[in-house]
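You will see chain A twice below: alongside chain B first, and alongside chain C after that.
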Partner chain A sequence: MRPRVAVAAGSAIVLFAALGACGKNTGQGTATDNNRTTTGVIATDPKDSMGPAAPVPGATKGGTFYVLRQPKINHLDPQRVYSFAGLSAAPLYSRFLTTWKDDGKGHLTLVGDLATTPGKDVKGDCTTWQFTIKDGVKFEDGSPITSKEIAYGIARSFDPDLTGGPTYLQEWLANTPEYDTAWDFKANKTSLPPGLTTPDAKTLVFTFQKPHCDLPFAASLPFTAPMPPAKDTGVNYDNQPFSSGPYKITKIVPGVQMVLERNTNWDPATDPVRHQYPDSFVWSYGADATAEANRIISDSGPDASAISWDGVPSTLTAAVAGNASLKDRTLLEPTPSANRLTINMQRVTDLSIRQALNYAIDRDDLIKALGGATVASPLTTLMPPATLGYQQYDAYPAGPNGNPEKAKQLLNGRTPELVLGVADDDQDTQIGTQVKNNLEKAGFKITVKTIPQDSKLDETKKKNNPWDLYIDTWGADWPSGASILPPLFDGRTIKDEGNSDTSFMNDSAINAEFDRILAMPPAQQGPEWAKLDKRIMTQDAPAVPLYVDVAFYLHGSKAGGLFIGSVFGYPEFVNAFVKP
Partner chain B sequence: MLRFLIRRVLSATLVLFAISVLTFLMFFALPRDPVTSMCPKNCNPARLERVRAELGLSDPLYQQYAGYMKGIVLGRDLNSAEGGHCAAPCLGYSYINSEPVSRTIARVLPVTLSIVIPAAVLWLALGVGLGMVSALRRGSVLDRLAIGFSLTGASLQIYFVGAVLLLVFTYTLHLVPVPHYTSITQNPADWASGLVLAWVTLAFLFSAIYARLSRAQMLETLSEDFIRTARSKGLPKFRVYGQHALRAAITPIVTIAGMDIGGALGGTVVTETTFGIQGLGRTTWDAVREGDLPTLMATVLIAAVFIVVANIVVDIVYAFIDPRVRLG
Partner chain C sequence: MSLSPVEDIALSEFSPGTVAEPAAPGSGFVGRSPGQLAWARLRRDRVAMVSGGVLVFFFLVALAAPLIQWAYGTDPQQQFQDSLDLYGMPLGYAGGVTGSHWFGLEPSLGRDIFIRMVYGLRTSLFIALAAGVITTVIGVLAGVLAGYAGGWLDAVIGWVTDFALAMPFLIVALALVPTVSLRFYGPREAVPSSFRVAVLITVFALFGWTSAARLVRGQVVSLREREFIEAARASGVSTAHMLFRQVLPNIWAPILVSFSLAVPSYVTGEAVLSFLGVGIVDPTPDFGAMIFRSIHYLQTDPTYVFFPGVTIFILVLAFNLFGDAVRDALDPRSNR
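And now, the complex of A and B:
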C-alpha cells in the first residue's frame, strides 16, 4: 500500500503543476460575444412549423450523448418543469404547442410544435386563440396526439398537488392568480377548465376574459405538453413521463442518472426543431462542477461526448478561458439573465439621486470583481440584449468605469445616506462591496446590511422593506419585453408582499404604455418595448442596470451540435450529436 | 447472553424512541416551512393554511408523530400530493424526489454499505496491522515510517485526498473509471472499480488513526505483567503477541471501530460528495440543501439506528474478546 500512496502523491504534485501551467492565459482563448442580440419573428407560414428540421452540418447518427450535472433535475413532469435544466431536457422527450426555432446565433422564430402554426388570434384582440394540431404526431406508444391530450395536460396543471411549474395559462384562463380555487381539477377530471375547449380532435381553443397577446410565447413552455389521462399518476408522474418527443425516458435513478433512448414513433417530418442524432442521451448526476470540468478536460471515454451542465467553475475559468486548445470545446455567450441594482422608489424619491446612482457605478470593475468576461457582461438597459426588438442605449453615459464627477454634480453637494441590502452569499457580498465603493466615491454614504440568502427574495419583495437599494436578477420566460417590463415596473400590481416590481415604481403614464403595447400583436411589440425601456430609464431611473450573466460551458471533443439557447441562456440539445 | 441481548435491545429501543421524538420536534422547529414548497405560486396565508390542513400539518404534533411511527410499522395513507398510499416501512414522501422516502433509502443504502464495509475491512487490516508491527519493531525504520504514515493520514482530509486520487488515477492516468455505483450482484468487477478510490481514501485516512491507536495500545499491553509472565513461561512469540497481547490491546480498538463504522454507515457525506456517489450521506446533504424534510428526518433516524446497533454489536464482541467482561 505504501508505495502506491507515494506514487499517487508524487504524480499529484506534477499534475497540479501541469494544471497550473494550463491556467496561463495565452490570449488566444475564448472571448464573450458581447454584441450578440436577439432578433425574432413569429412564423406566419405553416411551412415554417413543419419538419424535418434543417440538417446540422457534420452531424452523424449514433452514439450516446452525456450531460453531467451535479443535482438531478427537480421535475420531469412537463406540467411541473420550470428549472433551466428541466427546460433544456424537456424538448428531448416532450413536445409543446409552440416552440422556438433557434439558430444559436440569436435569431429566433416562434413556430408551431404540435400545432400547425404558433396560434391564430381569432378575433384580433388576443382574447381567443385557436391552435390546429398537426397530423402524424404521436406518443411513444404510437397512439395519436390530439387536442384532447394537450387540453388534459393543461387542465392537470390546475392541480395544486403539481407544484413548481409556470402558471400563466392557469391564471389567464381562470382570470385570477388563485386559479386552483377557481377550478378544481380533481373534482372535474373529465372536463376542462373555463375557457379551454376542444371542438374536435384537431382543434384547441383558448378563450380569455382579458387579452393575452403573449399566449403563443407562453405556449412554448412545457406545460402545454400532451398527456393521455390514463397515464396520469399525479405527483409520481415526475418519475415516468410519457414521451411525445424524439426520445423516451427508459430509466430514471433519482440523483444518479436519467437515460433517454430513441422514440421510434416520433416523426421528424412533423418537427421543425428537433433532431434525433444520438442513439441515447444520459443525464449523469453527482459530480460537482469542478469534477465535471476536470472530466471534460480529460476528454476520455464517455466524457469525450459529454457536456458539463454546471458550467466552468470559478476556480477553473482562467485555466479554461486561457487555454487555446480548449477553445473549440467551450460555449461562451451572454444569457438573458439581467442583474440590476434596484432602487426602492418609495424611499429614494428624488430622481436626481437615482440618476446620480446610475452615473456612479463602475461596471468594468464590478465585472472584474465577479470574475471577468466569462462570468458577466455589462448592461445599461433594463431589458437584456437577448430580447426581441432590443435597442442598445445608455441613458446615463458614464463610460465603463462610471463618472463619479457627473454624479457629484447631480447631487449638488448632498451626501445621501442609503442602505444597501445584500444577501449573505459570496456573490451578493462581493457586489455589495464593489457598489458601496463606487457610490461612496461619488458622494453617497452607503450602509451595507446583509439579509439571509434564503429569505432575501421574499424580504425585498415586501412593500415596506427597509432597504433603499438591493441586487435583483430577472430571467424572463420568453424573450419579449412583455415578460420583463410590466412585471418589473407596473405599479398597479404592487401589493403588501410578493412583489416583482421591487422598485415599487408606479408611474401612471408608463402603466398606460404597458396597456397600449400589450394590446398590440406580439410581432409588433418588440420595438415598442425597446422605446419604453429607454423612456423608463430616462424618466424614472428605477434601477441601475449592471450586467447579464454569461454562460460558460465546456464539452468533450466528440460532443457536437451544442449551442447556448437565446431564450433561456442554457445549452440546447435539439441539434446535439456524437462525432465519430 | 439472551438476557443481556434483551436488555440492550430494550435500552436501544428507548434511545431510538427519544431520538425519533427529538428529530421530529427539531424539524418542526426549523425555520423552513415544508408547506411553502407545496403551496402554488402566488401563495398567500389562506392558501398556505389550506395546504397545511390537507397535509395534516395542522394536527397536534403528538398525532403527527403517532402517524409517522404507525407508517413505519404498518404503512399509511398519505395525501394525493404525497403520492397516496405509502407501504410500510413508510418514512414519508419526498416532494423533491417525487417518491416515498423508503424507496430512496432502499436505493442509496446499499451504496453506502458498499463504500463503508470494504473500506472498513481495509482500514482495520491496514491500520491495526501497521500499528501492531510498529509496536513490535519499536524504534525501527518501519516504526518511523508507520508513525509518518499515521501523521500524514491524520492531518489530511477526505476531500483533498479524494481530489488528488481522482486527478491522478481517473482524469490523468485513466487507470480507474469515474467513481460510480453498480450493484455487486450485477457486476462485481464494475462494483469494485467504481468504488475503489472511495475505499482507498477512507482506508488511508482511517487506518492512520488506527495505526497510532493500535501501536499505543500494543506498547502499553506489552509492558503489562501478564505479558512478562507469558514470556517467562517460555510461550512462543506468536502466542504471546497474537493470543495474549493482541487480545488485550484490541478491545478499545473494537469500541472505536464500532463507533466509526456505525457513524460511517449513517452516511459518508464528504466521501460521497467528493466522489459524486449517491449514497445515504449524499442524500442527507441533498436533503439539507433542498429542504427535503421527510428525507432528512429518515436519514437522521437511520444514522441513529446504525450507531445504536453498532454499539450493541461492540458490546457483544467486547464480551467475546475480553473474558473480564461478564454478560448478564
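And now, the complex of A and C:
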C-alpha cells in the first residue's frame, strides 16, 4: 500500500508542477485591428461589372479545398439562404443580380453579377429599376440564363413554403409585409408578381409603389439567383440546387458532407468576382469547434487545405493567438455584427437612467468575460464601423472601464431596479453575471432573469415583454445605415410580436429623419446615417452599444486566398485556392 | 444513481439474543456492545481513519466558509479582471496562482477559484447530506411499514417503489427542474439559489428513497418471524413500540451503510445536474457548474480544471472508502 500511495502522491505533484511549468502568462498578444472601416461605392462604370476577376497573386489551379463545420448548412436553395454559412457558400454555386467586389480590407464595390450594371434607376426616384442581363451567362447544363429565370427565382421566393430567406424584394414589390397573401405564387406559377416584368430575355424591371433606393444592395442577396422553372422541386430544391456559378454540387450526404466540383459551363469572362481555382470544394460536417481548431493546428493531410468555419473557440484563443507559428494561418478581423444592451423604453422611460447605463458600462471587462480581444471589440456607436459613412463617436465618454461615478451622479441617489433577461445558455449566464456586477457598482440593482434559449429571441421581440434590458445582435444585410437604423429604431413598425425595434423607441422627429434620408440616393446617405446615429444616442439613448463580434479563423498551411468578407464578416471563398 | 444496497448483513451479531454473555470474571474478557466492537474495528482500519479525517476536514471547511472568506479576504462574487490578459486568461503562472489567489482565477470572469470552491463545497455537501437524510428517512419508514405490515400495504409500497425505480432519473430531472422554477417565479423575479437547492433535494428525495426502502423491507421481513419479535408480540406491545424499539434497532447497520454510500452518489449526482445546466447555476458557486465551465479550458488553463476536479474526486473517494470501511466494521464477515 505505502509505495503505491507514494507513487500516487508523487505523480500528483509532478502533474501539478507540469501545469505550473506551462509558463508565465505575461499578457502579450496580438490585438485586433479595430480601425478597419468600410468604404463602398456602387459601380457606375459598366467595366467594373465585367469579368474576368483579377487573378489572385500566387493562386494556382487544382486541389481540394475543405471547409470544416459542425452543423450542416440549413438551406442551400438560394431563395432560402440566409445563414452566414449559406451566404458564403452560395456564391460558389449560384450567381445573383448584383454582387460585392470585396478586397477583404473593407473596400467594397457593388457591381453587376448576372446584370451588366448594379441597376439603373430609370426615373431617378428609386421607384423603377432596370437590369440588363449579360451575354454568355449559362447554367450548369449549358442553357443560357435570361431575365425569365431570374424573375422566376424572385417569384418563387413568394411561396410561403419556402421560408427562411430574406423578404425585402417580396415586401417591396407587394408593398406589404404580408406579401404571400398579396400575390399567391402557387396559383400563378406562370406569371410574375406585381411590379416585376421581363420586357425581353435580356431585361428585368422592378416597379415599386414606394421608392426603394437600396434595391441594388438587396439584389446582392442570394434570392436573386436564377432558376429554370423546370428544375423547381419546391422544398426539395435544398438538396440539389441547379448551379449557375463556378462550381456545381455533385454530392450531398446529409449531415456529413457536401461536394462541389467545377462547373465547366461557367464563363470567367462574365464574372467580376469569382474564381475557379480548386478542383473541388468539400464542406465536411460534424466536428465541434474545439476539434476543428485542433485538427487545423496539427495541419496534417486534407486538413492542411481546410478552414474551420466555426472559428477559434474563445477558450482556445489564448493558445492560438499566443502561438507565433500559427500567425500566418489566422484571419482576425472585426465583423459588422453589432451587439448592444437594448433598453426597453416602454419600461425605462427616464432618459437619465438610460444615460447612466451608458456611462456605467465597462466594455473592457465585458470583452474579457466574452473571451477577449479575438472575440469582441468595443463599440460606442449604434452602427458598426463596417458601415458605409461610419463616424466614430462616444456620446457618453466614460473610458474603457466605464465611469460609475458619473452614472451615480446622473442617478442622483436613486437605485433603479432593472431586470436583465439573458438566455439560459452558458455564455449568456456568464454575461449576465458580468453585467450585473458591473452595473451594480454604479448604483443599479440588477436582477438577472434567464429565458429558455430557444425562445429568447421570440420573447424579447414581443411588444409587452417583461424585461428592462437584454442583449441584442444585429448583422445588417448590406453595410448601409438604411439596413440598420430604420429597422432597429423606427417606432412606426412596432407590432405585437416579432419586432426588430426591441427598444420600442418611437420618436416622431427621428422617424421623420428616417424618411428623409431613405429618399436620398444611396451614395449620399452614408454621412447622414452617421449623424443620425449620434443624434439617436444623444437624444434617446435607446441602447448601450457594447461590442462588435470579431472574426478569428484558423486555416491550414495550404489554404490560400481566404479573407473575411466586409459585408457579413465571415470567410469568403471566391478567391480561395489550394497551395501546391 | 444506483445506491449500492447492502446485502447479506450479518444480523445475528446484533440481535439481542446472540450478544455474548460476559465470560467468567477474571479470565481477561471484557464485555463489549456490538457498537463498541464495530468502533474498535473501525479504529484499526487505516483507510477508514484517513478517509474519515479527509471528510472531517471537508466538513469543517464547508461549515467555516464565511470564516475562511473573512480570513482570506475575498468574496466569491468578486471579479479580478485586472489580473486577466486581453484574451481573458489569468496572468502569471499556472492560471494565476498567487499568494492572494491560492488556486488562481477563473478565466474571463476573473473570480477567485479557492473561495468559490470553499462555497461550492458547502453547496455540494449540504445538498448531498440533506438528500441523504431525507431519502433514508423516507426509505426506512416505507420499508419498515411494508415489511412489518405485509399484505396490501406491502404490495402498494412495492408498486410505488417499482414505479419510482422505473422512471429515468436524468430525463425526469432535466424536464422537471427548469419547469418548476417557471411555475413558481414570475418573469421578472430572480430564482433564488435556495429554491434551486430545494428543488434538487426534492428531486433526489423523489428517486433516492427506493433502494433504502427495499433494503429495509427485506431486513424487516426476515426479522418479523424471529423469536424476540414473537416474544414482544406475545407480551402485547404496541405497534409503534414493536417497530421502533424492537425492529429498527436491529437494522441500523445496513441503514447506516446505505446512507454513507448514498451521500457520495448525491455529491456526484448534484454535480452532474449542475454540469448539465439544470442544477445550481452561476453565480452560485458549485462544483458541477465549475467543472463544466473549466472543461473547455483544458488546453489553455489546465489548473482551472485541476483544482475543482481533484477536490470532488477526493471528496467522493473519501466518502466511498469510509462507507466501505463502515460496512466492514459493522459486518466483519463481508471482509475479503
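Everything that follows uses one rule, which is that the second predicted complex is superposed on the first by the 549 of 580 C-alpha atoms of A that agree within 3 Å, B and C clash if a C-alpha of one lies under 4 Å from a C-alpha of the other, contacts with A are read in each partner's own complex, and residues count from 1 in each chain.
Note that a contact is a pair of C-beta atoms (placed from the backbone, for glycine too) under 8 Å apart; a residue touches a chain by one contact, two chains touch by 3 or more.
Not measured: the values here are computed from a predicted model.
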{"item": "Which superposed partner A:Asp426 touches (first chain B, second chain C, both, neither)", "value": "second"}
{"item": "Which of chain B and chain C A:Thr415 touches, first, second, both or neither", "value": "neither"}
{"item": "Partner chain in contact with A:Asn175 - chain B first, chain C second, else both or neither", "value": "neither"}
{"item": "Contacts of A:Leu316 with chain B and chain C, given as first, second, both or neither", "value": "second"}
{"item": "First, second, both or neither for A:Asn236, with chain B first and chain C second", "value": "first"}
{"item": "Which superposed partner A:Ser191 touches (first chain B, second chain C, both, neither)", "value": "neither"}
{"item": "Contacts of A:Thr450 with chain B and chain C, given as first, second, both or neither", "value": "second"}
{"item": "Touching partner for A:Pro160 - first (chain B), second (chain C), both, neither", "value": "first"}
{"item": "Partner chain(s) touched by A:Thr264 [first = chain B, second = chain C, both, neither]", "value": "neither"}
{"item": "Interface residues of chain A shared between complexes with chain B and chain C", "value": "12, 15-16, 19, 294"}
{"item": "Touching residues on chain C, where the partner in the complex is chain A", "value": "77, 79, 81, 84-97, 107-110, 178, 186-191, 277, 281-283, 292-293, 296-297, 299-303, 306, 310"}
{"item": "Partner chain C, residues of chain A touching it in the complex", "value": "12, 15-16, 19-20, 22-29, 31, 290, 294, 313-319, 321-322, 364-365, 367-374, 419, 424-426, 429-430, 432-434, 436-437, 447-450, 452, 466-467"}
{"item": "List of chain A residues in touch with chain B within their complex", "value": "1-2, 5, 8-9, 11-12, 15-16, 19, 70-72, 74-75, 77, 160-161, 163, 166-167, 171, 177-181, 186, 234-236, 238-239, 253-256, 285-288, 291, 294-295, 297-298, 300-301, 303, 454, 498"}
{"item": "Chain B residues touching chain A - in the complex, by the definition given at the top", "value": "31-32, 37-44, 47, 51, 79-84, 93, 95-99, 104, 107-108, 126, 145, 149, 164-174, 177-178, 180-181, 204, 273, 276-278, 282-283, 286, 290"}
